Amino acid sequence: MNPAFTLFMWARGPAFDVALAIFAAGITLRLVEMVVLGRKTDLAPAKGHPIRQGLATIFTRSIPRPGLVRFAPGTYLGGYVFHLGFFAAFLLFAPHIALIRDALGLSWPAANRAIVESATALAVVAAIILFFSRVMDPVRRALTGFEDYLVLLLSVLPLVTGYVAANKLFGNPEMMLAVHVLSVDALLIVFPFTKLMHSVSFVFSRYYNGAIQGRKGAES
Amino acid sequence: MKTRPLLSETMAAHGVSRRTFMKYCATLASVMALPPALAPRIAQALERARRPSVIWLSFQECTGCTESITRSHAPTIEEMIFNTISLDYQDTLQAAAGHQAEAARHQAMKENYGKYLVVVEGSIPVANPAYSCFAGRSNLDVLKETAAGAAAIVTVGTCAAYGGIPHAMPNPTGARAVSDIITDKPIINVPGCPPIPVVMTGVLAHFLTFGVPELDDLGRPKAFYGDVIHDRCYRRPFYDKGLFAETFDDEGARAGWCLYKLGCKGPTTHSVCATVKWNGGVSFPIQSGHPCLGCTQPDFWDGGGFYKPLSVPTGDYRALAAGGVGVGAVVGAAGALVGRGVKAEAARKHETVDAHDLEKPS
Amino acid sequence: MTASLERGLNALREQIDAPVASFFTSCVHCGLCAEACVFYRETEDPRYIPIRKLDPMRRLWRREFTLFGRIGAMLGLVRPVTDADLGEWETLVYDSCTLCGRCTLVCPVGNDITLMIRKMREGMSAAGHTPKELIGAAVRHVETNSLMGNLAPALRAQVKRSVAETGIDIGFDQPGVDYMVILSAQETMDYPEILSSMARIFKKAGISWTIASDGFEATNVGVQIGSRDIARILVARVVEAAERLGVKGVVSPECGHAYQALRWEGPNLMGRAFNFEVVHIVELLDRLRAEGKLPTKGMESRRVTFHDPCQINRRGGIDREPRRLMALVASDFVETDDAGAMNWCCGGGGGVGANERATKLRLTAFKRKKAQLEKVNPDKLITMCAYCHHTIEEAMEEYHMEIEVQGLTDFVATYLDDEPAGA
């Protein structure tokens, strides 16, 4: 009857359910698989505070070391703007807050549309910068594979499709919403299988780094 | 074929002034998104048009659409139009009943074959036609029979246009839209549950003056269904500012903030509700504090719930995710145990490295 | 048993644990580790991207420690690690990494790349892909008492000379003293002045100390090669000597990896906590300073700067101690750019300095140090690692730089006020 509606309902119905189940199962699997490997107790007497510094490093590592930004401005700037923009667009837009409220019972005030849309646009621009740095820069190029491009594309699609749907730039609004939700479904599905895992596992790696350095009383 | 009175004549008989009529034509031009210059042409066409024979078929419906039209407060031009078209068959309004009524329909069809307009209200049960019959005949038969000689079909209400509520899951009667059954006639969909009266009359006026209007991909006149409610809603500024009613009785609700989070379907619903409004322009659901249900959209009844925001998934995703976490934990633990086994095996196989062992034998 | 791929992979499997898994899981291929790496910075060769140096280990982890990787391996998506891979990686793991740890501090997801290189070397060494000079050093150290061969006669001669010079006796194998001092071979051979400096400082502070004749060598080539088994043999000599003599503590000398080997790896290698304290000489000096047991007289008035050895500051946590000591004896002390935890490596640590084929790369890497020094233009450079000292002197020779280099302990001792009170 209405393919756009049918697709939209499928995207936010069964497709989302399956995607979320894969997302939840995959992340749990990988985290458990990682943590249960365990680590030997360090027998060297601590000079600093391993646990405290491990926890602190989860946050402090978000701040770049001075002097490094100028060597890879695209990666640093693109990286920061992309992450901040992505999460601003994700977490400050009312429809997303409604989803989170439905899922977790948590809610917070939404931001002005101008902020959300600027964040989206900035994040997309940042993603383009990151893309070009992967293509042009020798270091990034040496490290980049299919997965990196796939993840970059899948992370930017929800932003672009969301922007198009919210502004009705083209297409049937229901169809664009369907495409937007499908892009999110795709992102959820690939999440556990790719480096997108870093958005969860970084807590562990930063903690371990901080704890190892912290035991020695060294910076992290 | 007997001569029907011209609209102008009928208007004169009902005491409607020329000025009022011109005003109506201007209004019609505006709601149909036509340039104001076309108002005189509408007037001319309406004045000259001979009222066509209209056969109004009521199938699986609640008569709400008929109610909507008749609730247009008197005396209005809408009412005039319906008084002046030759409504030869309308089982709610007509005086005749039983065989007489059916005879009227057959006569109208015969007399106006190829020229009459069929208005359909309600969906057609196909799984078991016996769910809805009149005069001993199934809706399906009557529709096919009546449509055969029609110039065009106007579906009034979402049931006729898209199946509507009878078509809602699990659709026990196998309800179908007119367009599922009739494929060889122009069909103008005027969905809504019910449609706005002036939209119905506007579509009829357009049909009489300019023929079949420009339709969207769901068969709706673009003039009335071109924009989504959200884009014309007076509460839209609150959406853009991020101000929402969270419940029906909070500050936001009292302050008239956006109803998105209460499940408003305005962003995906095509209708002129926010501009033309209802009851002679008094209000529309969102203005009255209730989210839009999306009633002009196909399958609006199956959109996951009237009070579920558009962005909220419709399935039982929480249980699935919780299940996923459980499965992931078990499989992950199993995988990790295998990994630990690999490590333990490696430790068992460990042969002490001696400084003299470091050189690889060549 | 001889080195083989299977032994190497087996050693790598033993090394993979939750932190390693989290590091590989978190890597986003951003390449910022490269920007921090002295070898990449000075060559701009993408081969030297730190995380890339771990690729064989990453593949092994994926194939054998992740479910998806195991499935991928069955489908042929994750290549197995071959002996040729390890051979190719040998120069990356040993020649272009000093385990300096800068990458570990800049990684945005917190990967301890340095730790993983250390772990990877376990596999490389068991697989027989170790630079030959390091193998030679390991054989010498295991067979004798130091990586330079039998250093006992040389040490005795240096002690004799010091005693003659200071008039302060240094006893061998004295039980029950406060500290047992160990020395790096570099100090014994090139910078023996440390003995006199320590003798004077400890005498002034009232500290009794000794040297164990069967456990005086502080360096541990096992840590650099990446072999716990060899590292354990070597560290055990020190630990057992200290335990036999019943000392309160062992003073780790001015040597970066020696501090790592005894202080941080030691108890884990031995599988037990020590019943004596391991203290770095600079930590000890700072402690004496705080207790007022390190009186000084006069100050160096020429411009002095400081080089932080990677293993002692960034990887060892000794950052403020040397600065407090510098403040004591240097009136014109300047810090270089990036001083402290982000200091640039001299280029010779982690076994790179001993590795002949890495010489050119090491000297290229030194350009960063050179630029750092030229910017502050000091008359004198103080450090607290004899091997940094040695590497820097050698590289400055190459680049015709005229900056005096001195060990911190020796520098402090220059201004020690050890005239008898009232004199």
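Per-chain residue numbering starts at 1, and chain names A, B and C are given in the order in which the chains are listed.
Quick note on the criterion: contacts are C-beta pairs under 8 Å (C-beta built on N, C-alpha and C of every residue); 3 or more make two chains touch, one makes a residue touch a chain.
Keep in mind that what you see is a predicted model, and the values were worked out from it rather than measured.
Colleague: Of the pairs B-C and A-B, which shows more C-beta pairs in contact?
Modeller: If we tally the C-beta pairs in contact for B-C and A-B, the bigger total goes to A-B.
Colleague: Determine the chain that sits nearest the middle of the structure, using the mean of its CA atoms as its centre.
Modeller: Smallest centre-to-centre distance to the global C-alpha mean: chain A.
Colleague: Determine the centre-to-centre distance between chain A and chain C, using the mean Cα coordinates as centres, and give it in whole Å.
Modeller: It comes to 38 Å between the two C-alpha centres.
Colleague: Using the average of all C-alpha atoms in each chain as its centre, how far is it in Å between chain B and chain C?
Modeller: Inter-chain centre distance comes to 76 Å.
Colleague: Go ahead and note the Å separation of the Cα centroids belonging to chain A and chain B.
Modeller: 38
Colleague: Do you know which chain A residues sit against two or more other chains?
Modeller: Only 29-30, 33-38 qualify.
Colleague: Please output the residue numbers of chain C that touch at least 2 other chains, ranges allowed.
Modeller: Residues 16-17, 65-67.
Colleague: Two or more other chains touching the same residue: where does that happen in chain B?
Modeller: Chain B, residues with two or more chain partners: 331-332, 335, 339, 343.
Colleague: In their shared complex, at which residues does chain A touch chain C?
Modeller: Residues 29-30, 33-40, 42-45, 47-48, 57-58, 61-62, 64-65, 67-68, 71-72, 75-76, 79, 137-145, 148, 192-193, 195, 197-198, 201-202, 204-210, 212-213, 215-220 of chain A touch chain C in their complex.
Colleague: Any idea which chain C residues touch chain A in the complex?
Modeller: 16-19, 21-23, 25-32, 34-36, 40-41, 44, 46-47, 49, 51-52, 65-68, 104-112, 115, 263-268, 270-273, 313-319, 337-338, 340-342
Colleague: Which of the residues in chain C come into contact with chain B in the complex?
Modeller: It comes out as residues 1-4, 7, 10-11, 13-14, 16-17, 64-67, 70, 125-130, 132, 134-135, 138-139, 141-143, 225, 227-230.
Colleague: Which residues of chain B touch chain A in their complex?
Modeller: The contact residues of chain B facing chain A are 162-163, 177, 217-218, 228, 231, 239-244, 246, 258, 260-261, 267-268, 297-299, 302-304, 308-318, 320-325, 327-329, 331-333, 335-337, 339-340, 343.
Colleague: Can you list the residues on chain A that touch chain B in the complex?
Modeller: The contact residues of chain A facing chain B are 1-2, 5-6, 8-9, 12-14, 16-18, 20-38, 92, 94-99, 101-103, 107, 109-114, 116, 168, 172-174, 177.
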